[in-house]
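The following block contains the structure, expressed as structure tokens.
Labels run A, B and C following the written order; every chain starts at residue 1.
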């Protein structure tokens, strides 16, 4: 099994609290890997560590065997680790056309071009339009992002990550907050992601997890708890206990 | 040497009284009030008018200066500031610079552009020596008054009901609101009190700092240094920062006059880069 | 799979619409250049407007496009002014245009070095740091009296003719034409820059730095770049002041200058390049009128304008400048209609 992304004994402490506890995770190339766990299990911290938003207290992160622990966020993006956000992080004053254009020109290394007017490269624009059409955004390409319906913003969130041509895509609850009748559009977009892209999905909704993932890791209290195929995880009594425990605690 | 230390402490304590109101404004509402010095100037001019023109005793003029500035602060807070709290920092900066400019021109119009000194009572002038340290009587008075104020301030914040409400509002104004604390009212009173302190500082400082219409501009950077270097999470931070600044400034001007304000500005920049939350601030308070 | 060509062309059209020259813009520059012949008796104030407009344009690049609040932009302006004045006084570089470039480069160098100070921290720390840098430079110019003339300013500067041909005169005729041409060239550069992929990425950094870095943009790199460029613009503006007045004094570094500059930009509105120019025109004529009434109390009116602008709301104050901004959606629709028509006729 070729490993795309790997963490070795990853530790993150915040003034006394251990948010990631010795996490050693392997994500296979082309995998549809889901990361689940109760609230506060450290899923978001792990994403932040993987993308370089936060620095680990200890441990290493490897991409295709190369150590990327000390690289900054944007350097990792250039190497192919791209994420989406649970809460939309978009450019409210830009249009989807401009937003995707940004990501594409950045990926092509043309983001520093200051002498060239935006939109003067037909091949670049073609790629942008292709992405927008694929994510059902063609009808709103000239609207300000802030005024788009929530479902469209959610699609743009994913489209923006795809425009970076990720090798490893970290999806943080892609369908979070999307009304029931718009959900299928998001899920279809997630299901249609290119097969060669490795996907790590963070999700609360078990229907989505079990319909999408071919491998599942369960995170509890910052540590890796159980890992296996969906069937194995579904059958595991310990996982049930954790989730039941959470439900009891919630009630 | 010790005389310089003494002068520095007096200067620093004065700065603290002048700037403490700003620390609270900044900490409580995250509001950048560059016009804080204008309230101090108001207190200074009130004292000048009372003492020099109307012959009111110096000591009687101090509480009046405090009250006058507090009232002005209260009126401005209710009439103008309250509309700007929620606006972006850029607006706050523009707004308060606008007030500074207006106050400078207004003071020029009313009081003239020259520097004015308060006629302090005879028994406060001059200095005496203890163990070879030259002690200015007036500076000693400043240390005593400002020291008492600092202790009182600490007591109010730590031990009174108002203090606990204020601290709650500083820590998390939404939660405080949820607890039924009238944050707006707390803030108006605090703003008025802070302006009053500034006014008192202006009154006391008129003698040492000199008073002229550009006072708010000249000392703006000093106040800002106190609050940014000291942090806004407690009053101890600004207090220590004031003392450091006061001693540093007096010593710097005495020993290395050619460097002027160089040292102060450089230290400020270094501290801000090194610890953007302030030198004495709780880590990651915001 | 490629999308249909029509969609690509429409998208291209939409993107290009940001950078298309509006009739109002063309008119603006025609009037500005016509003023060389139309208002010869107003050239002195027009010259001041030109360098102030350039200075405000420079602030717009960092405030309007990158979101950095600065209270010390005069640092770069002042450095440019002193550089140009010193170069002329000690006859190091006699040709004004060349001296202008050197002054701009000097300011860029300072901008690059100090840009690292504004990368981190809140608005307040940025404000303090920029203010501190300007104060430091002022103090430096004050202390280096043997070189700069200290508090008296740098006197006895004589500026040689531009390109060896056009002599500066006391009516400001040469000064205005010279300043306006410099302003126009730098404006064209700025206009290119903000409408480029680089300019777009600045807006993304300003709007959401977290996401900008998550799509591979080096946030720090972009801020350093634009801060450096803007510093160069400010330096050239300062150099224009020094060259057209043959004088540089400590006042070029003053806090008031940085604060006035904010006002200039805010009157015109930030984030669309013309704000600084329009603001400079309004500011200078307002100053001309009000300080003729009460020269001493002029700051009062500046202050009042600032307070009123904030209380009324910046957006509302500058809404009348909307035609200058790029939000011209009707234009996009016309372009779309044109292209649909063109492509359907092609098919036939």
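Assume a contact is a pair of C-beta atoms (placed from the backbone, for glycine too) under 8 Å apart; a residue touches a chain by one contact, two chains touch by 3 or more.
Computed from a predicted model, the values in this text were never measured in an experiment.
Participant: Report the topology of the inter-chain touch graph, choosing from line, ring, star, complete and other.
Facilitator: Basically the chains just string along in a line.
Participant: Taking each chain's centre as the mean of its C-alpha atoms, which one lies nearest the mean of all protein C-alpha atoms here?
Facilitator: Smallest offset from the overall C-alpha mean is found for C.
Participant: Taking each chain's centre as the mean of its Cα atoms, which chain lies farthest from chain A?
Facilitator: Using the mean of the C-alpha atoms as each chain's centre, the farthest one from chain A is B.
Participant: Quick check: how many Å separate the C-alpha centres of chain A and chain C?
Facilitator: So the centroids are 40 Å from each other.
Participant: Would you mind pulling out the distance in Å between where the CA atoms of chain B average out and where those of chain C do?
Facilitator: Taking the average C-alpha coordinate of chain B and of chain C, the gap between them is 35 Å.
Participant: If you average the Cα atoms of chain A and of chain B to get two centres, how far apart are those centres in Å?
Facilitator: So the centre of chain A lies 49 Å away from the centre of chain B.
Participant: Which chain C residues sit where two or more other chains touch them?
Facilitator: None at all.
Participant: Going by the contact rule set out above, which residues of chain C touch chain B in the complex?
Facilitator: So the residues of chain C in touch with chain B come to 63, 69, 71, 117, 120-125, 127-129, 131-133, 135-136, 139-140, 142-143, 255-256, 259, 262-263, 266, 296-300, 302-307, 309-311, 314.
Participant: Using the touch definition from the top, list the residues of chain B that touch chain C in their complex.
Facilitator: 26, 32, 80, 83-84, 87, 89-91, 93-95, 97-106, 108-109, 113, 217, 220-221, 224-225, 228, 258-262, 265-266, 268-269, 272-273, 276
Participant: Could you list, by residue number, the parts of chain A that touch chain C in their complex?
Facilitator: Against chain C, chain A makes touches at 51, 53, 72-74, 77-78, 82-83, 85, 89-95, 97-99, 101-103, 105-107, 110-120, 122, 125-126, 128-130, 133, 138, 141-142, 160-161, 163-164.
Participant: Using the touch definition from the top, list the residues of chain C that touch chain A in their complex.
Facilitator: Checking each residue of chain C against chain A gives 1-3, 7-8, 11-12, 14-16, 18-19, 192-193, 195-201, 203-204, 207-208, 210-219, 225, 329, 332.
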